[in-house]
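Here is the structure we will look at, set down as C-alpha coordinates.
A, B, C and D label the chains in the order they appear, each numbered from 1.
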Amino acid sequence: MTVMTAADLQDFLAREFPQVSELNLRIEEARDRYVRVRMPFDDRHLRPGGTVSGPAMMTVADCSVYLAILATLGGVAQAVTTNLNANFLSRPEPKDIVAEARIIKLGRRLAFGEVDIFSDGVTEPVAHVTATYAIPGGGRADA
Amino acid sequence: MTVMTAADLQDFLAREFPQVSELNLRIEEARDRYVRVRMPFDDRHLRPGGTVSGPAMMTVADCSVYLAILATLGGVAQAVTTNLNANFLSRPEPKDIVAEARIIKLGRRLAFGEVDIFSDGVTEPVAHVTATYAIPGGGRADA
Amino acid sequence: MTVMTAADLQDFLAREFPQVSELNLRIEEARDRYVRVRMPFDDRHLRPGGTVSGPAMMTVADCSVYLAILATLGGVAQAVTTNLNANFLSRPEPKDIVAEARIIKLGRRLAFGEVDIFSDGVTEPVAHVTATYAIPGGGRADA
Amino acid sequence: MTVMTAADLQDFLAREFPQVSELNLRIEEARDRYVRVRMPFDDRHLRPGGTVSGPAMMTVADCSVYLAILATLGGVAQAVTTNLNANFLSRPEPKDIVAEARIIKLGRRLAFGEVDIFSDGVTEPVAHVTATYAIPGGGRADA
(Lines give C-alpha, C1' and ligand atoms only; values in the text may rest on other atoms or scores of the structure.)
Protein backbone atom coordinates (compact mmCIF):
# COMPACT_ATOMS: atom_id res chain seq x y z
CA MET A 1 0.00 0.00 0.00
CA THR A 2 1.38 3.39 -1.04
CA VAL A 3 -0.03 5.94 1.30
CA MET A 4 1.64 9.05 -0.11
CA THR A 5 2.04 9.65 -3.84
CA ALA A 6 4.88 11.51 -5.56
CA ALA A 7 2.68 14.63 -5.64
CA ASP A 8 1.83 14.24 -1.93
CA LEU A 9 5.52 13.91 -1.11
CA GLN A 10 6.41 16.95 -3.22
CA ASP A 11 3.89 19.02 -1.22
CA PHE A 12 5.13 17.55 2.05
CA LEU A 13 8.73 18.39 1.21
CA ALA A 14 7.90 22.02 0.41
CA ARG A 15 5.87 22.42 3.59
CA GLU A 16 7.94 20.49 6.13
CA PHE A 17 11.48 20.76 4.81
CA PRO A 18 11.98 24.39 3.78
CA GLN A 19 15.68 23.94 4.62
CA VAL A 20 16.19 21.83 1.49
CA SER A 21 14.08 24.04 -0.80
CA GLU A 22 17.21 25.39 -2.49
CA LEU A 23 18.13 21.88 -3.69
CA ASN A 24 14.97 22.04 -5.79
CA LEU A 25 14.39 18.28 -5.39
CA ARG A 26 11.93 16.65 -7.81
CA ILE A 27 10.20 13.46 -6.75
CA GLU A 28 9.93 11.50 -9.96
CA GLU A 29 8.46 8.25 -8.69
CA ALA A 30 7.08 6.95 -5.40
CA ARG A 31 5.71 3.53 -4.55
CA ASP A 32 5.76 1.04 -1.73
CA ARG A 33 9.27 1.15 -0.20
CA TYR A 34 10.76 3.12 -3.13
CA VAL A 35 11.29 6.67 -4.36
CA ARG A 36 13.35 8.20 -7.14
CA VAL A 37 14.40 11.81 -6.56
CA ARG A 38 16.17 14.20 -8.95
CA MET A 39 18.40 17.07 -7.83
CA PRO A 40 18.81 19.45 -10.77
CA PHE A 41 22.33 20.49 -11.55
CA ASP A 42 23.21 23.76 -9.84
CA ASP A 43 26.60 25.41 -9.52
CA ARG A 44 26.03 26.08 -5.85
CA HIS A 45 26.46 22.40 -4.92
CA LEU A 46 29.83 22.19 -6.58
CA ARG A 47 33.21 21.50 -5.07
CA PRO A 48 36.47 22.66 -6.61
CA GLY A 49 36.87 20.74 -9.83
CA GLY A 50 33.26 21.05 -10.95
CA THR A 51 31.86 18.05 -9.11
CA VAL A 52 28.70 17.82 -7.01
CA SER A 53 29.59 18.01 -3.32
CA GLY A 54 29.36 15.07 -0.95
CA PRO A 55 27.13 16.95 1.52
CA ALA A 56 24.63 17.73 -1.28
CA MET A 57 24.49 14.02 -2.13
CA MET A 58 24.11 13.02 1.54
CA THR A 59 21.27 15.52 1.90
CA VAL A 60 19.46 14.03 -1.08
CA ALA A 61 20.05 10.51 0.25
CA ASP A 62 18.78 11.34 3.73
CA CYS A 63 15.64 12.96 2.29
CA SER A 64 15.06 10.10 -0.14
CA VAL A 65 14.98 7.39 2.50
CA TYR A 66 12.66 9.52 4.60
CA LEU A 67 10.36 10.03 1.62
CA ALA A 68 10.38 6.28 0.89
CA ILE A 69 9.25 5.67 4.47
CA LEU A 70 6.44 8.18 3.98
CA ALA A 71 5.52 6.58 0.63
CA THR A 72 5.01 3.35 2.55
CA LEU A 73 3.68 4.35 5.96
CA GLY A 74 2.13 7.76 5.35
CA GLY A 75 2.78 10.92 7.30
CA VAL A 76 4.88 9.71 10.26
CA ALA A 77 6.64 13.02 10.12
CA GLN A 78 8.77 12.54 13.20
CA ALA A 79 11.05 9.75 11.96
CA VAL A 80 14.65 10.72 12.75
CA THR A 81 17.90 9.52 11.20
CA THR A 82 20.07 7.56 13.63
CA ASN A 83 22.82 6.37 11.25
CA LEU A 84 23.89 7.34 7.76
CA ASN A 85 26.82 5.71 5.97
CA ALA A 86 27.92 7.16 2.64
CA ASN A 87 30.44 5.72 0.20
CA PHE A 88 31.59 8.03 -2.59
CA LEU A 89 32.53 5.88 -5.56
CA SER A 90 33.25 8.17 -8.52
CA ARG A 91 33.49 11.84 -9.22
CA PRO A 92 29.99 13.00 -10.21
CA GLU A 93 29.70 14.73 -13.54
CA PRO A 94 28.30 18.28 -13.75
CA LYS A 95 24.81 16.87 -14.34
CA ASP A 96 21.60 16.29 -12.43
CA ILE A 97 21.85 13.80 -9.57
CA VAL A 98 19.30 10.97 -9.49
CA ALA A 99 18.79 9.09 -6.21
CA GLU A 100 16.96 5.79 -6.00
CA ALA A 101 16.01 4.88 -2.42
CA ARG A 102 14.74 1.47 -1.36
CA ILE A 103 13.52 0.48 2.10
CA ILE A 104 15.14 -2.85 3.02
CA LYS A 105 13.66 -3.28 6.48
CA LEU A 106 10.60 -1.62 7.95
CA GLY A 107 10.16 -2.66 11.55
CA ARG A 108 8.06 -1.34 14.35
CA ARG A 109 10.69 1.07 15.59
CA LEU A 110 13.40 1.17 12.94
CA ALA A 111 13.48 1.57 9.18
CA PHE A 112 16.59 0.82 7.13
CA GLY A 113 17.11 1.80 3.54
CA GLU A 114 19.75 2.13 0.87
CA VAL A 115 20.23 4.70 -1.86
CA ASP A 116 22.01 4.40 -5.19
CA ILE A 117 23.06 7.83 -6.44
CA PHE A 118 23.74 8.45 -10.13
CA SER A 119 24.90 11.23 -12.40
CA ASP A 120 21.97 11.51 -14.78
CA GLY A 121 22.34 9.08 -17.66
CA VAL A 122 25.44 7.32 -16.30
CA THR A 123 25.11 3.63 -15.49
CA GLU A 124 27.57 3.21 -12.61
CA PRO A 125 26.53 4.88 -9.37
CA VAL A 126 28.62 7.79 -8.07
CA ALA A 127 27.71 7.11 -4.44
CA HIS A 128 25.94 4.56 -2.24
CA VAL A 129 24.27 5.43 1.05
CA THR A 130 22.61 3.40 3.78
CA ALA A 131 20.47 5.06 6.44
CA THR A 132 18.60 3.99 9.55
CA TYR A 133 15.61 5.91 10.87
CA ALA A 134 14.00 5.59 14.29
CA ILE A 135 10.21 5.77 14.13
CA PRO A 136 9.25 7.11 17.57
CA GLY A 137 5.53 6.45 17.39
CA GLY A 138 5.99 3.00 15.86
CA GLY A 139 5.87 1.86 12.26
CA ARG A 140 4.23 -1.26 10.90
CA ALA A 141 2.03 -3.07 13.36
CA ASP A 142 3.04 -6.43 11.92
CA ALA A 143 6.81 -5.93 11.97
CA MET B 1 53.88 21.06 12.14
CA THR B 2 50.76 23.12 11.54
CA VAL B 3 50.94 24.41 8.04
CA MET B 4 47.65 26.31 7.90
CA THR B 5 46.39 28.41 10.80
CA ALA B 6 42.76 29.02 11.76
CA ALA B 7 42.88 32.32 9.86
CA ASP B 8 44.40 30.62 6.80
CA LEU B 9 41.67 27.99 6.88
CA GLN B 10 38.94 30.62 7.24
CA ASP B 11 40.24 32.33 4.08
CA PHE B 12 40.55 29.01 2.28
CA LEU B 13 36.97 28.07 3.16
CA ALA B 14 35.59 31.35 1.83
CA ARG B 15 37.58 31.08 -1.38
CA GLU B 16 37.33 27.38 -2.20
CA PHE B 17 34.02 26.31 -0.64
CA PRO B 18 31.49 29.00 -1.56
CA GLN B 19 28.83 26.28 -1.46
CA VAL B 20 28.99 26.21 2.37
CA SER B 21 29.17 29.99 2.82
CA GLU B 22 25.59 30.08 4.05
CA LEU B 23 26.51 27.88 7.02
CA ASN B 24 28.71 30.76 8.19
CA LEU B 25 31.27 28.36 9.70
CA ARG B 26 33.77 29.82 12.17
CA ILE B 27 37.11 28.09 12.64
CA GLU B 28 37.85 28.57 16.30
CA GLU B 29 41.01 26.52 16.66
CA ALA B 30 43.40 24.70 14.34
CA ARG B 31 46.51 22.73 15.15
CA ASP B 32 48.27 19.58 14.05
CA ARG B 33 45.57 16.99 13.30
CA TYR B 34 42.80 19.01 15.00
CA VAL B 35 40.25 21.72 14.30
CA ARG B 36 37.25 23.08 16.17
CA VAL B 37 34.54 24.63 14.02
CA ARG B 38 31.40 26.50 15.08
CA MET B 39 28.20 26.64 13.04
CA PRO B 40 26.09 29.53 14.37
CA PHE B 41 22.48 28.74 15.06
CA ASP B 42 20.30 29.56 12.07
CA ASP B 43 16.64 28.70 11.53
CA ARG B 44 17.37 27.57 8.00
CA HIS B 45 19.13 24.39 9.17
CA LEU B 46 16.17 23.30 11.23
CA ARG B 47 14.01 20.23 10.87
CA PRO B 48 10.42 20.06 12.09
CA GLY B 49 10.60 20.19 15.87
CA GLY B 50 13.23 22.93 16.07
CA THR B 51 16.29 20.72 15.82
CA VAL B 52 19.39 21.19 13.67
CA SER B 53 19.17 18.94 10.61
CA GLY B 54 21.33 15.89 10.10
CA PRO B 55 22.58 17.09 6.69
CA ALA B 56 23.76 20.38 8.22
CA MET B 57 25.73 18.41 10.83
CA MET B 58 27.19 16.07 8.19
CA THR B 59 28.27 19.06 6.13
CA VAL B 60 30.07 20.58 9.11
CA ALA B 61 31.69 17.21 9.90
CA ASP B 62 32.87 16.67 6.34
CA CYS B 63 34.36 20.18 6.19
CA SER B 64 35.98 19.82 9.62
CA VAL B 65 37.93 16.70 8.75
CA TYR B 66 39.05 18.30 5.53
CA LEU B 67 40.19 21.41 7.39
CA ALA B 68 42.07 19.27 9.94
CA ILE B 69 43.93 17.61 7.05
CA LEU B 70 44.83 21.05 5.71
CA ALA B 71 45.90 22.20 9.19
CA THR B 72 48.36 19.32 9.16
CA LEU B 73 49.49 18.93 5.54
CA GLY B 74 48.83 22.37 4.06
CA GLY B 75 46.90 23.10 0.91
CA VAL B 76 46.32 19.68 -0.62
CA ALA B 77 43.08 21.03 -1.93
CA GLN B 78 42.05 17.99 -3.91
CA ALA B 79 41.48 15.52 -1.07
CA VAL B 80 38.12 13.82 -1.62
CA THR B 81 35.81 12.08 0.83
CA THR B 82 35.47 8.36 0.16
CA ASN B 83 33.44 7.31 3.22
CA LEU B 84 31.45 9.19 5.84
CA ASN B 85 29.62 7.44 8.66
CA ALA B 86 27.37 9.53 10.92
CA ASN B 87 25.65 8.47 14.13
CA PHE B 88 23.01 10.83 15.46
CA LEU B 89 22.88 10.41 19.23
CA SER B 90 20.57 13.08 20.66
CA ARG B 91 18.28 15.76 19.37
CA PRO B 92 20.39 18.92 19.04
CA GLU B 93 19.15 21.95 20.91
CA PRO B 94 18.36 25.18 19.03
CA LYS B 95 21.90 26.42 19.66
CA ASP B 96 25.19 26.76 17.83
CA ILE B 97 26.80 23.50 16.75
CA VAL B 98 30.44 22.94 17.73
CA ALA B 99 32.42 20.26 15.86
CA GLU B 100 35.77 18.94 17.07
CA ALA B 101 37.63 16.99 14.38
CA ARG B 102 40.69 14.85 15.00
CA ILE B 103 42.79 13.06 12.42
CA ILE B 104 43.39 9.50 13.62
CA LYS B 105 45.41 8.22 10.68
CA LEU B 106 47.29 10.21 8.09
CA GLY B 107 48.82 7.91 5.51
CA ARG B 108 50.29 8.50 2.11
CA ARG B 109 47.05 8.06 0.28
CA LEU B 110 44.30 8.03 2.91
CA ALA B 111 43.40 10.19 5.89
CA PHE B 112 40.90 9.05 8.52
CA GLY B 113 39.34 11.30 11.13
CA GLU B 114 36.54 11.46 13.64
CA VAL B 115 34.31 14.33 14.70
CA ASP B 116 32.44 14.89 17.95
CA ILE B 117 29.53 17.25 17.40
CA PHE B 118 28.01 19.19 20.29
CA SER B 119 25.19 21.60 20.96
CA ASP B 120 27.07 24.59 22.33
CA GLY B 121 27.58 24.23 26.08
CA VAL B 122 26.19 20.70 26.35
CA THR B 123 28.59 17.99 27.51
CA GLU B 124 27.25 14.92 25.71
CA PRO B 125 27.76 14.92 21.95
CA VAL B 126 24.68 15.07 19.71
CA ALA B 127 26.41 13.25 16.86
CA HIS B 128 29.60 11.36 16.02
CA VAL B 129 31.05 11.14 12.54
CA THR B 130 33.98 9.28 11.01
CA ALA B 131 35.30 10.17 7.56
CA THR B 132 37.94 8.87 5.17
CA TYR B 133 39.59 11.07 2.59
CA ALA B 134 41.66 9.97 -0.39
CA ILE B 135 44.67 12.20 -0.99
CA PRO B 136 45.32 11.82 -4.72
CA GLY B 137 48.72 13.48 -4.83
CA GLY B 138 49.94 11.70 -1.72
CA GLY B 139 50.08 12.81 1.90
CA ARG B 140 52.86 12.25 4.38
CA ALA B 141 56.05 10.90 2.90
CA ASP B 142 56.71 8.85 6.03
CA ALA B 143 53.33 7.18 6.34
CA MET C 1 34.34 -12.31 -17.66
CA THR C 2 34.29 -14.64 -14.67
CA VAL C 3 37.85 -15.58 -13.96
CA MET C 4 37.31 -17.84 -10.96
CA THR C 5 34.43 -20.30 -10.73
CA ALA C 6 32.61 -21.39 -7.58
CA ALA C 7 34.83 -24.48 -7.44
CA ASP C 8 37.98 -22.37 -7.91
CA LEU C 9 36.87 -20.09 -5.10
CA GLN C 10 36.10 -23.03 -2.82
CA ASP C 11 39.66 -24.29 -3.33
CA PHE C 12 41.10 -20.82 -2.83
CA LEU C 13 39.19 -20.38 0.42
CA ALA C 14 40.46 -23.67 1.83
CA ARG C 15 44.03 -22.90 0.84
CA GLU C 16 44.33 -19.19 1.63
CA PHE C 17 41.84 -18.65 4.45
CA PRO C 18 42.35 -21.52 6.89
CA GLN C 19 41.21 -19.15 9.65
CA VAL C 20 37.60 -19.38 8.42
CA SER C 21 37.65 -23.14 7.80
CA GLU C 22 35.52 -23.75 10.87
CA LEU C 23 32.67 -21.71 9.36
CA ASN C 24 32.45 -24.39 6.68
CA LEU C 25 31.44 -21.86 4.03
CA ARG C 26 29.91 -23.24 0.82
CA ILE C 27 30.16 -21.17 -2.34
CA GLU C 28 26.90 -21.87 -4.11
CA GLU C 29 27.18 -19.53 -7.06
CA ALA C 30 29.83 -17.26 -8.54
CA ARG C 31 29.66 -15.01 -11.57
CA ASP C 32 30.83 -11.60 -12.69
CA ARG C 33 30.54 -9.27 -9.67
CA TYR C 34 28.39 -11.74 -7.66
CA VAL C 35 28.70 -14.66 -5.27
CA ARG C 36 26.24 -16.50 -3.04
CA VAL C 37 27.76 -18.16 0.02
CA ARG C 38 26.10 -20.47 2.56
CA MET C 39 27.22 -20.79 6.18
CA PRO C 40 25.73 -24.00 7.57
CA PHE C 41 24.01 -23.68 10.91
CA ASP C 42 26.37 -24.49 13.75
CA ASP C 43 25.81 -24.01 17.47
CA ARG C 44 29.27 -22.52 17.86
CA HIS C 45 28.27 -19.27 16.10
CA LEU C 46 25.37 -18.69 18.45
CA ARG C 47 24.79 -15.87 20.87
CA PRO C 48 22.67 -16.22 23.99
CA GLY C 49 19.11 -16.67 22.78
CA GLY C 50 19.93 -19.09 19.97
CA THR C 51 20.72 -16.53 17.30
CA VAL C 52 23.67 -16.45 14.90
CA SER C 53 26.28 -13.99 16.15
CA GLY C 54 27.00 -10.66 14.50
CA PRO C 55 30.73 -11.42 14.14
CA ALA C 56 29.96 -14.68 12.30
CA MET C 57 27.78 -12.73 9.87
CA MET C 58 30.42 -10.01 9.40
CA THR C 59 33.01 -12.69 8.69
CA VAL C 60 30.82 -14.23 5.99
CA ALA C 61 30.12 -10.79 4.53
CA ASP C 62 33.78 -9.81 4.43
CA CYS C 63 34.71 -13.10 2.74
CA SER C 64 31.82 -12.86 0.29
CA VAL C 65 32.81 -9.47 -1.08
CA TYR C 66 36.39 -10.66 -1.40
CA LEU C 67 35.26 -13.77 -3.27
CA ALA C 68 33.08 -11.65 -5.57
CA ILE C 69 36.15 -9.55 -6.41
CA LEU C 70 38.07 -12.75 -7.20
CA ALA C 71 35.16 -14.06 -9.27
CA THR C 72 35.52 -10.94 -11.39
CA LEU C 73 39.22 -10.13 -11.43
CA GLY C 74 40.86 -13.48 -10.68
CA GLY C 75 43.45 -14.17 -8.03
CA VAL C 76 44.36 -10.71 -6.76
CA ALA C 77 44.90 -12.28 -3.40
CA GLN C 78 46.18 -9.21 -1.61
CA ALA C 79 43.04 -7.08 -1.64
CA VAL C 80 42.47 -5.72 1.87
CA THR C 81 39.31 -4.47 3.54
CA THR C 82 39.45 -0.77 4.37
CA ASN C 83 35.86 -0.22 5.55
CA LEU C 84 33.03 -2.52 6.57
CA ASN C 85 29.65 -1.24 7.69
CA ALA C 86 27.12 -3.75 9.04
CA ASN C 87 23.47 -3.17 9.89
CA PHE C 88 21.75 -5.92 11.85
CA LEU C 89 18.07 -5.85 10.96
CA SER C 90 16.38 -8.87 12.53
CA ARG C 91 17.29 -11.67 14.84
CA PRO C 92 18.52 -14.54 12.65
CA GLU C 93 16.76 -17.83 13.05
CA PRO C 94 18.70 -20.96 14.05
CA LYS C 95 19.18 -21.85 10.37
CA ASP C 96 21.84 -21.66 7.71
CA ILE C 97 22.94 -18.16 6.76
CA VAL C 98 22.92 -17.27 3.05
CA ALA C 99 24.94 -14.24 1.91
CA GLU C 100 24.52 -12.64 -1.51
CA ALA C 101 27.38 -10.28 -2.38
CA ARG C 102 27.35 -7.87 -5.29
CA ILE C 103 30.19 -5.64 -6.44
CA ILE C 104 28.81 -2.14 -7.03
CA LYS C 105 32.02 -0.41 -8.05
CA LEU C 106 35.23 -1.94 -9.30
CA GLY C 107 37.84 0.73 -9.85
CA ARG C 108 41.55 0.62 -10.39
CA ARG C 109 42.39 0.85 -6.72
CA LEU C 110 39.14 0.33 -4.82
CA ALA C 111 36.29 -2.17 -4.96
CA PHE C 112 32.98 -1.55 -3.20
CA GLY C 113 30.31 -4.16 -2.62
CA GLU C 114 27.19 -4.87 -0.65
CA VAL C 115 25.90 -8.05 0.94
CA ASP C 116 22.35 -9.08 1.78
CA ILE C 117 22.35 -11.70 4.51
CA PHE C 118 19.41 -14.04 4.99
CA SER C 119 18.28 -16.81 7.30
CA ASP C 120 17.80 -19.67 4.86
CA GLY C 121 14.31 -19.58 3.36
CA VAL C 122 13.29 -16.26 4.94
CA THR C 123 12.51 -13.39 2.54
CA GLU C 124 13.54 -10.35 4.60
CA PRO C 125 17.27 -9.98 5.15
CA VAL C 126 18.61 -10.29 8.70
CA ALA C 127 21.60 -8.05 8.00
CA HIS C 128 23.04 -5.75 5.34
CA VAL C 129 26.74 -5.07 4.92
CA THR C 130 28.77 -2.76 2.71
CA ALA C 131 32.52 -3.21 2.33
CA THR C 132 35.36 -1.41 0.58
CA TYR C 133 38.54 -3.19 -0.49
CA ALA C 134 41.81 -1.61 -1.54
CA ILE C 135 43.43 -3.43 -4.45
CA PRO C 136 47.14 -2.68 -4.00
CA GLY C 137 48.34 -3.92 -7.35
CA GLY C 138 45.49 -2.30 -9.25
CA GLY C 139 42.19 -3.75 -10.44
CA ARG C 140 40.51 -3.15 -13.77
CA ALA C 141 42.63 -1.35 -16.31
CA ASP C 142 39.60 0.44 -17.68
CA ALA C 143 38.16 1.74 -14.41
CA MET D 1 29.15 3.53 39.04
CA THR D 2 30.94 0.42 37.72
CA VAL D 3 28.61 -2.47 38.23
CA MET D 4 30.74 -5.25 36.75
CA THR D 5 34.49 -5.48 37.35
CA ALA D 6 37.11 -6.85 34.96
CA ALA D 7 36.95 -10.18 36.81
CA ASP D 8 33.14 -10.21 36.64
CA LEU D 9 33.29 -9.54 32.91
CA GLN D 10 35.89 -12.27 32.37
CA ASP D 11 33.54 -14.76 34.05
CA PHE D 12 30.58 -13.45 32.08
CA LEU D 13 32.44 -13.81 28.80
CA ALA D 14 33.39 -17.42 29.51
CA ARG D 15 29.86 -18.33 30.54
CA GLU D 16 27.75 -16.40 28.02
CA PHE D 17 29.98 -16.13 24.95
CA PRO D 18 31.50 -19.59 24.47
CA GLN D 19 31.64 -18.81 20.74
CA VAL D 20 34.54 -16.41 21.28
CA SER D 21 36.42 -18.62 23.74
CA GLU D 22 39.02 -19.47 21.10
CA LEU D 23 40.02 -15.79 20.87
CA ASN D 24 41.20 -16.11 24.48
CA LEU D 25 40.25 -12.49 25.23
CA ARG D 26 41.73 -10.95 28.39
CA ILE D 27 39.89 -8.08 30.04
CA GLU D 28 42.67 -5.89 31.34
CA GLU D 29 40.69 -2.95 32.68
CA ALA D 30 37.02 -2.10 33.20
CA ARG D 31 35.47 1.05 34.56
CA ASP D 32 32.49 3.26 33.96
CA ARG D 33 31.98 3.45 30.17
CA TYR D 34 35.41 1.92 29.38
CA VAL D 35 37.12 -1.44 28.91
CA ARG D 36 40.51 -2.48 27.58
CA VAL D 37 40.65 -5.99 26.09
CA ARG D 38 43.66 -7.95 24.86
CA MET D 39 43.51 -10.63 22.17
CA PRO D 40 46.71 -12.69 22.41
CA PHE D 41 48.51 -13.26 19.15
CA ASP D 42 47.47 -16.54 17.55
CA ASP D 43 48.28 -17.82 14.09
CA ARG D 44 44.68 -18.88 13.57
CA HIS D 45 43.47 -15.26 13.18
CA LEU D 46 45.95 -14.54 10.45
CA ARG D 47 45.32 -13.60 6.86
CA PRO D 48 47.79 -14.29 4.06
CA GLY D 49 50.76 -12.04 4.72
CA GLY D 50 50.94 -12.64 8.47
CA THR D 51 48.44 -9.99 9.54
CA VAL D 52 45.57 -10.29 12.02
CA SER D 53 42.28 -10.69 10.13
CA GLY D 54 39.63 -8.00 9.95
CA PRO D 55 36.90 -10.32 11.25
CA ALA D 56 38.98 -11.14 14.33
CA MET D 57 39.34 -7.41 15.03
CA MET D 58 35.63 -6.77 14.46
CA THR D 59 34.79 -9.60 16.86
CA VAL D 60 37.00 -8.07 19.56
CA ALA D 61 35.49 -4.63 18.91
CA ASP D 62 31.92 -5.90 19.09
CA CYS D 63 32.63 -7.74 22.36
CA SER D 64 34.48 -4.76 23.83
CA VAL D 65 31.62 -2.33 23.41
CA TYR D 66 29.24 -4.86 24.87
CA LEU D 67 31.54 -5.38 27.86
CA ALA D 68 31.83 -1.61 28.36
CA ILE D 69 28.02 -1.43 28.49
CA LEU D 70 28.02 -4.20 31.10
CA ALA D 71 30.79 -2.43 33.05
CA THR D 72 28.46 0.55 33.29
CA LEU D 73 24.95 -0.89 33.52
CA GLY D 74 25.53 -4.40 34.87
CA GLY D 75 24.19 -7.60 33.41
CA VAL D 76 21.78 -6.43 30.70
CA ALA D 77 22.72 -9.51 28.77
CA GLN D 78 20.30 -9.05 25.91
CA ALA D 79 21.78 -5.91 24.33
CA VAL D 80 22.10 -6.51 20.59
CA THR D 81 24.32 -4.83 18.02
CA THR D 82 22.35 -2.86 15.43
CA ASN D 83 25.23 -1.17 13.57
CA LEU D 84 28.97 -1.71 13.43
CA ASN D 85 31.28 0.38 11.26
CA ALA D 86 34.94 -0.64 11.01
CA ASN D 87 37.77 1.28 9.39
CA PHE D 88 41.01 -0.64 8.87
CA LEU D 89 43.87 1.84 8.97
CA SER D 90 47.15 -0.10 8.91
CA ARG D 91 48.27 -3.66 8.55
CA PRO D 92 48.44 -5.11 12.09
CA GLU D 93 51.74 -6.57 13.13
CA PRO D 94 51.96 -10.22 14.23
CA LYS D 95 51.43 -9.17 17.85
CA ASP D 96 48.69 -9.11 20.44
CA ILE D 97 45.74 -6.87 19.63
CA VAL D 98 44.66 -4.35 22.29
CA ALA D 99 41.18 -2.83 22.03
CA GLU D 100 40.10 0.23 24.01
CA ALA D 101 36.33 0.71 24.00
CA ARG D 102 34.58 3.85 25.22
CA ILE D 103 30.84 4.41 25.51
CA ILE D 104 30.02 7.80 24.00
CA LYS D 105 26.25 7.76 24.48
CA LEU D 106 24.22 5.64 26.87
CA GLY D 107 20.55 6.31 26.37
CA ARG D 108 17.45 4.50 27.49
CA ARG D 109 17.24 2.32 24.42
CA LEU D 110 20.52 2.76 22.55
CA ALA D 111 24.18 2.70 23.49
CA PHE D 112 26.88 3.98 21.14
CA GLY D 113 30.59 3.38 21.56
CA GLU D 114 33.87 3.56 19.75
CA VAL D 115 36.91 1.31 19.83
CA ASP D 116 40.54 2.09 19.06
CA ILE D 117 42.40 -1.08 18.11
CA PHE D 118 46.17 -1.31 18.43
CA SER D 119 48.98 -3.73 17.71
CA ASP D 120 50.51 -4.15 21.15
CA GLY D 121 53.09 -1.44 21.80
CA VAL D 122 52.41 0.52 18.60
CA THR D 123 51.12 4.09 19.01
CA GLU D 124 49.00 4.52 15.90
CA PRO D 125 45.79 2.48 15.86
CA VAL D 126 45.43 -0.27 13.25
CA ALA D 127 41.64 -0.01 13.18
CA HIS D 128 38.78 2.12 14.47
CA VAL D 129 35.28 0.80 15.10
CA THR D 130 32.00 2.39 16.10
CA ALA D 131 29.06 0.28 17.27
CA THR D 132 25.46 0.86 18.29
CA TYR D 133 23.61 -1.49 20.62
CA ALA D 134 19.88 -1.65 21.23
CA ILE D 135 19.03 -2.26 24.87
CA PRO D 136 15.62 -3.95 24.71
CA GLY D 137 14.75 -3.73 28.38
CA GLY D 138 15.94 -0.13 28.65
CA GLY D 139 19.22 1.30 29.87
CA ARG D 140 19.73 4.34 32.06
CA ALA D 141 16.57 5.68 33.60
CA ASP D 142 17.88 9.22 33.30
CA ALA D 143 18.99 9.12 29.69
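In the analysis below, contacts are C-beta pairs under 8 Å (C-beta built on N, C-alpha and C of every residue); 3 or more make two chains touch, one makes a residue touch a chain.
Small disclaimer: the values here were computed from a predicted structure and weren't measured.
Enquirer: Moving only between chains that touch, what is the shortest number of steps from chain A to chain C?
Expert: Counted as steps through touching chains, the separation is 1.
Enquirer: From the centre of chain D, which chain's CA centre is farthest?
Expert: Most distant chain from chain D: A.
Enquirer: As a quick test, compute the distance in whole Å between the mean CA positions of chain B and chain C.
Expert: Result: the chain centres lie 33 Å from each other.
Enquirer: I'd like the Å distance between the centres of chain B and chain D, where a centre is the mean of that chain's Cα atoms.
Expert: 27
Enquirer: How many angstrom lie between the CA centroids of chain C and chain D, rounded to a whole number?
Expert: Here the centre of chain D sits 23 Å away from the centre of chain C.
Enquirer: Going by the touch rule set out above, which residues of chain B reach two or more other chains?
Expert: 82-83, 85, 87, 132
Enquirer: Sort out for me which residues of chain C touch chain B in the complex.
Expert: 82-83, 85, 110, 132
Enquirer: Going by the contact rule at the top, pick out the chain C residues touching chain D in the complex.
Expert: Within the complex, chain C contacts chain D at residues 16-20, 44-49, 53-56, 58-59, 62, 77-78, 80-88, 91.
Enquirer: Within their complex, state which residues of chain C touch chain A.
Expert: Chain C reaches chain A through residues 83, 85, 87, 89-90, 104-105, 107, 112, 114, 116, 124-125, 128, 130, 132.
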